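The chains carry the letters A, B, C and D, assigned in the order they are written, with residues numbered from 1 in each.
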Amino acid sequence: MMPELGKYAEAVLSSYAVSIMLIVVLVIASVTRARRVKRELESVEKRGRENAEV
Amino acid sequence: MASIWQYANPRKFIETTDRILPWVAGSSLMALVVGLVWGFFFTPDDYRQGSTVKIIYLHVPSALMAINGWIMMLVASLIWIVRRHHVSALAARAAAPVGATMTVIALVTGAIWGQPMWGTWWAWDPRLTSFLILFLFYLGYMALWAAIENDDTAADLTSVLCLVGSVFAVLSRYAVNFWNQGLHQGASLSLDKEENVADVFYHPLLLCIAGFVLLFVALVFLRTQTEIRARRMRALLARERLG
Amino acid sequence: MIALLTRDLRLAVRAGGGFGLGLAFFLIVVTLVPFSVGPENMLLTKIAPGILWLGALLACLLSLDRIFALDWEDGSLDLLATSPLPMEALVSIKALAHWLTTGLPLVVATPVFALLLSLPEAGYFPLVLSLLLGTPALSVIGTFGAALTVGLKRGGLLLSLLVLPLYVPTLIFGAEMARRGAQGLDMTTAMMMLAGISFGVIALLPFASASVLRVNLR
Amino acid sequence: MELTVQDLSVTRGGVPVLEGVSFDVAAGEVLILRGPNGIGKTTLLRTVAGLQPPLSGHVGLEREAMAYAAHADGIKATLSVRENLAFWAAVFGTGDIASALTSFDLAALADRAAGGLSAGQKRRLGLARMVVTGRPVWVLDEPTVSLDTQAVALFAQAVRAHLAGGGLALMATHIDLGLDEARVLDVGPFKAKAPDLDDFDGAFL
């Protein structure tokens, strides 16, 4: 299945590896931060609401 | 017809992007997978460059998005300066790390590609150099956002920096061209000059570009949502402290 | 406006080191170069214009954070902002004062430093001319960076990060002009571009600097 | 000449602190702002002086009419007292500094380097700057910090002279200046109320 990359195999494979890794890291970082901030905001809003009721 | 500015409302923005984000992300993933698999497994080697031509599917789209990312930030900054929509400023902030990552991908793939083609990892070729400078601009822009506590102040300052930086980035591009004529091939892709890139490479490349564009949009939507929430949280916390 | 300029110059003289510090730094850079690349005159001759330009640029960078920092700390900047002086004039004067205390001494001292790096005779005039044309742009761009970071704690490093990319075109055309001059090549294009950049930033950038300074004061 | 402030809302660090502040000060009048620390007196004064834009509302006079003095006096330590004042006189296009020196009892110190002055003397120099600006509206933030009783009396005298010349003054201070004619405004009631938590846009600021 693997295509014959010849003498440039290293260059081609490493650029795919590096690029895909960078993209995956960026996506994971964005998603985890999005989740964390969303959760934190919800807790702050909840606290604010409870304080308002008191 | 409703005005486009209604999406400048933070809540409306989050609602709308929540609805379309899965579609954008999904189609981005699909375009990337199909494009890259097509390009990697099912295209022939170039008669001159051998298999390294496969790097084009990463190099060209990331380079395009590196520049388009900055242009998007510039437009968002202008919208903030003129109309003062908070979402716009936050979108510019959200786009910067994505654009910077694209610049890094373009630089790294360029260097890896350059090694077998030019016999050196790094050549002070005008285009590579311009991208290095662009990367520095991204770094400075992000550092300025991070350094300032007040969100509105940060938005104002980074907008002006983005504006001034854009002028100097264009200036640098010309200066660098003047300084070194370079090894890069001419524009390898434009719609009316298809002969530069043979058809076999062209179609998967288009798909990859579409994938990168959609990926950029999806990430900017997601990160802008995050910035909006983070900002609201900071505002709520500031109010709590105030009592 | 003249009052502000004379006050800034007087402060620079009385504080001592206002003029001297940049020059001393420039001298150190020039001294260190042969240690790092070797003492061969051939090599030094070749890189002298570039090294001198880089040294001048770094010496300029060193004093940027003082442009507004002192006036910010003691409240003068607030008071100046409420004065009849337009903010655009204020930042232009500040840039001019910075150039007179940093850029101009560098231009004047460069021939001496060029001697140490065995610059060919033909190179002196182009080098000094290029610095004379280019250093005002360095001061004006630096003032923009200083206005962006005024009031930030530990703003110095950030200031360098923001300003250095903006210095790229000036450095390229300035060093190119000096290099071509030293090698006896035609330097008209580089000179025109350098002068264009200088006049362009002097005319336009104060508006950007003034707007960010206003934002930072509120 | 009358300073009219209408329905002014001001923000500090992006958070509204005071809202709906309205008052007038006519020529020859002085208005003293009172209120606990942190309520936003400094922010209000900076907004009136035109150093920061209001969130909403309106300040009736241009900033060109105002002279502002805050905690920091903008004194250069290496310049003499005379040079410091002469600089501000030149910037504001007036030029006469002799009356300012005498009214704050600085004539004897005129040729001393400002860096060698005591805190109270520096403060007097900072207030003398208000005289040389020649501006009709004085906006003063805690003007009497580190002044002794005698210097406070000097300051009160200078304010009276300024009012008699058709000027007006707005200041935040806690101590009694002996200015019987002064009106007092407590800014406490103008404290900004938090907008509804569910008001996403409002809670965004």
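Simple rule for what comes next: a contact is a pair of C-beta atoms (placed from the backbone, for glycine too) under 8 Å apart; a residue touches a chain by one contact, two chains touch by 3 or more.
The structure presented is a predicted model; accordingly, all values stated were derived computationally and were not measured.
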{"item": "Most centrally placed chain - per-chain CA mean versus overall CA mean", "value": "C"}
{"item": "By number of C-beta contact pairs, the top two chains", "value": "A-B"}
{"item": "Cα-centroid distance, chain A relative to chain C, in whole angstrom", "value": "42"}
{"item": "Cα-centroid distance, chain B relative to chain D, in whole angstrom", "value": "48"}
{"item": "Computed distance of Cα centres, chain C from chain B, in Å", "value": "32"}
{"item": "Centroid distance [mean C-alpha coordinates] between chain D and chain A, Å", "value": "51"}
{"item": "Touching two or more other chains - residues of chain B", "value": "232, 236"}
{"item": "Contacts with 2+ other chains: residues of chain A", "value": "45, 48"}
{"item": "Chain C: positions in contact with at least two other chains", "value": "218"}
{"item": "Residues on chain B engaged by chain A in the complex (per definition of touch)", "value": "36, 40-41, 45, 50-52, 54-55, 58-59, 62, 97-98, 101, 104-105, 108-109, 112-113, 115-116, 215, 219, 222-223, 225-226, 229-230, 232-233, 236-237, 240"}
{"item": "Interface residues, chain A side, partner chain B - complex", "value": "1, 3-9, 11-12, 14-16, 18-19, 22-23, 26-27, 30-31, 33-34, 37-38, 40-41, 44-45, 47-48, 51"}
{"item": "Residues of chain B touching chain D in the complex", "value": "9-11, 86, 149-152, 231-232, 235-236, 238-239, 242"}
{"item": "Contact set on chain B toward chain C in their complex", "value": "133, 136-137, 139-140, 143-144, 147-148, 153, 156-157, 160-161, 163-165, 168, 171-172, 174-176, 178-179"}
{"item": "Residues on chain D engaged by chain B in the complex (per definition of touch)", "value": "13-15, 17, 194, 197, 200-201, 203-205"}
